[in-house]
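Below are two complexes that have chain A in common, paired first with chain B and then with chain C.
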Partner chain A sequence: MSIAITTQIICFSVLSIVILIGALGVVLLESIVYSAFLLGGVFMSVAGLYLLLNASFVAAAQVLVYVGAVNVLIIFAIMLVNKKEDLKPISDIKSRRIISTSICVTLLSLLIRVDLTNVWSLSSPQNSIGEESTIRIGEHLFSDYLLPFEVASVLLLMAMIGAIVLARRDVMSRDISTGLPVDQELIEKSSEPLLSNKN
Partner chain B sequence: MEYGLDLEYSFNEFLKGFGLSSEIAHIIWLPLPMLLVLVAAVVGVLVTVWLERKISAAAQQRIGPEYAGALGVLQPIADGLKLLVKEDIIPAKADGILFTAGPILVLVPVILSWLIVPFGQNLLISNVGIGIFLWIALSSIQPIGLLMSGYASNNKYSLLGGLRAAAQSISYEIPLALSVLAIVLMTNSLSTVDIVNQQSGAGILSWNIWRQPVGFIVFWICALAECERLPFDLPEAEEELVAGYQTEYAGMKFALFYLGSYINLILSALLVSILYLGGWGFPIPVELIAKFLNLPINSPFIQVFTASIGIVMTVLKAYLLVFIAILLRWTTPRVRIDQLLDLGWKFLLPISLANLLITAGLKLAFPQFFGG
Partner chain C sequence: MMNLESIPLQAFLIVSSALFCIGIWGLLNSRNAVRVLMSIELMLNAVNINLMAFSSYVDNNLIQGQVFTIFVITVAAAEAAVGLAILLSLYRNRVTVDMESFNLLKW
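Presenting the complex of A and B:
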């Protein structure tokens, strides 16, 4: 066994263990802040797996999008809304846990079945494209995957506009949840400087 | 055009001469450039700290450090030793694990980014294909470390500082990436070596700064904001937040933040010189000098001369930019948080988007000047 293969096996096992333990920690830990940071660690390890598969561009994109944007925003939201309140005990927690466990086990068995029945076409190291994959991804995004790519960006735009509408309540005359007219006096206009009104 | 010194190849051949297999030779070779770059980064920090002290003193009509060595050159080493032997304090109500992991998460991505900084044709750790994109991805990890240390300190100033740092670096990452994208568009490659080679045609005239003046200014402003240098040092604004996310830190953990911010400053200066100022290129092309001296380009003398000139030019350009950054720090006031976000989202983002569009148009119109 050559040194390169040994290194690869060591990296793969370390990354898999980190992903498994980290993902369990995200779900099982009580503290939401720890869960959020562990989620970042899981994203990083997945990027490491992509690197092992010779997909360096996908790995860097994973770090940029999932760690640099998604995870930072999650942590940001947690820290801005960091209320220390005791959660109310839920009455029928047992049945809820049984239902969620059975759903998860069913999903897992489905995935395992797909894994076992599907014939995976394993590419040999000789015909892997390596560094050229960046160009291939670009070609695919602007030819046969153009429509999904554009639809995804429209979806993100819609989400962004929706978030702005929800955050700036002064653009709506009625409250969404209650249907009552919004009291415009109560809305802070923080974007305007305080002193300019007092002339 | 694959010319220049290939130290790795000669080193491996040298070890194979002793009867070692090529794999063992490769493993012995691997840590050498990494150690060299790490040492270079730390020495660069010491020099920058000394420059900062001396230039700030000159800007305020003081003398600055004087007694530690000639002109106080040993002062940064004394600073470092002091931080090294100070007591390592974790506040009683702080979160120990996150408090320790925060500074590490801030420093490691910055050091990893040195992977792609070229000092010559073959003088870099790894010419990875995704090159400059790796730096953009790695620098996006930093806010997590800042948020982590801000939260773990259990101090409202720290938390506010961490939130400000993360908000700042998220909003300035976008114009930064867009101005890099314009360069990548002209080069047809993400690799830093290709970016420098693309500018090496006619010496100083072919540097990207003439073709991307707007991109250069946007990149420099964003790089300063990413380094949290004044005028953008809101995360550690001492009049408002004590020291931001660093408030509770002491000893070596504080030193990690300190080291991280200075390594980041040098890295940004190096990247500006690589992207816009021709990297290791001499203002007059080396081929012309070789022709003038009637020496073939492959002669050993010219090779060694090119390599040393490359290192000197890269470091010189980077330190010129560091000098400008230090001068800016000691002569400009701090922006307010709303001015900071306005500048980022309402000014730099549209400008860099327009710059990208115009670059794409010019590339189609004049392929011989803007990369075909």
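Presenting the complex of A and C:
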């Protein structure tokens, strides 16, 4: 590794603190818009951790896919469903909070115990391949991981078509009885919500 | 001052465990459906940190963990797209994003 150990420790501490505080903000903050932007910060910090682990290609992929696509998609979704609504109070919210928090703390302590007590058989981290990792990932993708790679492309196509089918409005492009194309203004017509009582 | 030659693997594992548990807490406690999707993304990121740390410390010659991370990122992007599309169609039918009101299948 090329960076001095003190610099690495400082970078790691700052990135971990940003990740953990940002994640807490994502789940705890009242405003969902702040949560979305904090989520972008968490994704960027995770990309920084990948850089610290000598994985520049995965860090770039993380920034491009998570910050550039997933986070923007989430912000679009917030924009589309942004409505102030008064949530109905739940009667047993306190017991739910207690149970879920205790489950999470138990799981966390279990995981940390496993992390600290297990003896990991590490190879020497010093002879890392560094910049060659991009070449190695490409070799993996086109030799022993070729089938998952192709399946991933089919999966992305299916997800794209599925998302379009699920999210579009049900509008006929042509009239069923006459076969003529319908007025395109109908696409922007506000549709009646099905299962809700209007207020 | 500790005499280290690099950051220990355990530090990365602890950060990813904490991130995963925060994600689970958010998944269980959020009432906004968009926040549930964000919590799922947090959990996927925790798993990715784990894979990358093991790939760098245990298997730094054949970096198979990095390839796995690429696949996880791909699947996460597909999941986010489909999840948000489902959320939009739910919102169109129910005019709410409250998780408590999506109880059509509740016994």
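Keep this in mind: the second predicted complex is superposed on the first by the 140 of 199 C-alpha atoms of A that agree within 3 Å, B and C clash if a C-alpha of one lies under 4 Å from a C-alpha of the other, contacts with A are read in each partner's own complex, and residues count from 1 in each chain.
One rule holds in what follows: a contact is a pair of C-beta atoms (placed from the backbone, for glycine too) under 8 Å apart; a residue touches a chain by one contact, two chains touch by 3 or more.
A quick note: this is a predicted structure, and the numbers were derived from the prediction, not measured.
Student: With both complexes superposed on chain A, which partner does A:166 reach: first (chain B), second (chain C), both or neither?
Tutor: second
Student: Identify the partner contact of A:56: answer first if only chain B is touched, second if only chain C is, both if each is, neither if none is.
Tutor: first
Student: When both complexes are superposed, which of chain B and chain C contacts more residues belonging to chain A?
Tutor: Of chain B and chain C, the partner in contact with more residues of chain A is C.
Student: Now for A:70: first (chain B), second (chain C), both, or neither, which partner does it touch?
Tutor: Second partner only.
Student: In the superposed arrangement, does A:12 touch chain B (first), chain C (second), both or neither?
Tutor: second
Student: Now for A:142: first (chain B), second (chain C), both, or neither, which partner does it touch?
Tutor: neither
Student: With both complexes superposed on chain A, which partner does A:131 reach: first (chain B), second (chain C), both or neither?
Tutor: After superposing on A, A:131 lies in contact with chain B but is clear of chain C.
Student: Which chain A residues lie in the overlap of the chain B contact set and the chain C contact set?
Tutor: In chain A, positions 57, 61, 69, 76, 80 sit in both the chain B and chain C interfaces.
Student: Can you name the residues of chain A that touch chain B in the complex?
Tutor: 2-4, 33, 37, 40, 44, 56-57, 60-61, 63-64, 67-69, 71-72, 75-76, 79-80, 130-132, 134
Student: Using the touch definition from the top, list the residues of chain B that touch chain A in their complex.
Tutor: 23, 27, 98, 128-130, 133-134, 136-138, 140-141, 143-144, 147-148, 150-151, 159, 162-163, 166-167, 170, 173, 190
Student: Which residues of chain A touch chain C once you look at their complex with the stated criterion?
Tutor: So the residues of chain A touching chain C come out as 1, 5, 8-9, 12, 16, 19-20, 23-24, 26-27, 32, 35-36, 39, 42-43, 46, 49-50, 52-55, 57-58, 61-62, 65-66, 69-70, 73-74, 76-78, 80-81, 83, 85, 87-88, 90, 96-97, 100-101, 103-105, 107-108, 111-112, 115-116, 120-123, 125-129, 133, 136-137, 140-141, 145, 148, 152, 155-156, 158-160, 162-164, 166-167, 169, 191, 193-196.
Student: In the complex, go through chain C and note every residue touching chain A.
Tutor: 4-7, 9-15, 17-26, 28-32, 34-35, 37-39, 41-42, 45, 48-49, 52-53, 55-64, 66-67, 69-71, 73-82, 84-89, 91-98, 100-101, 104
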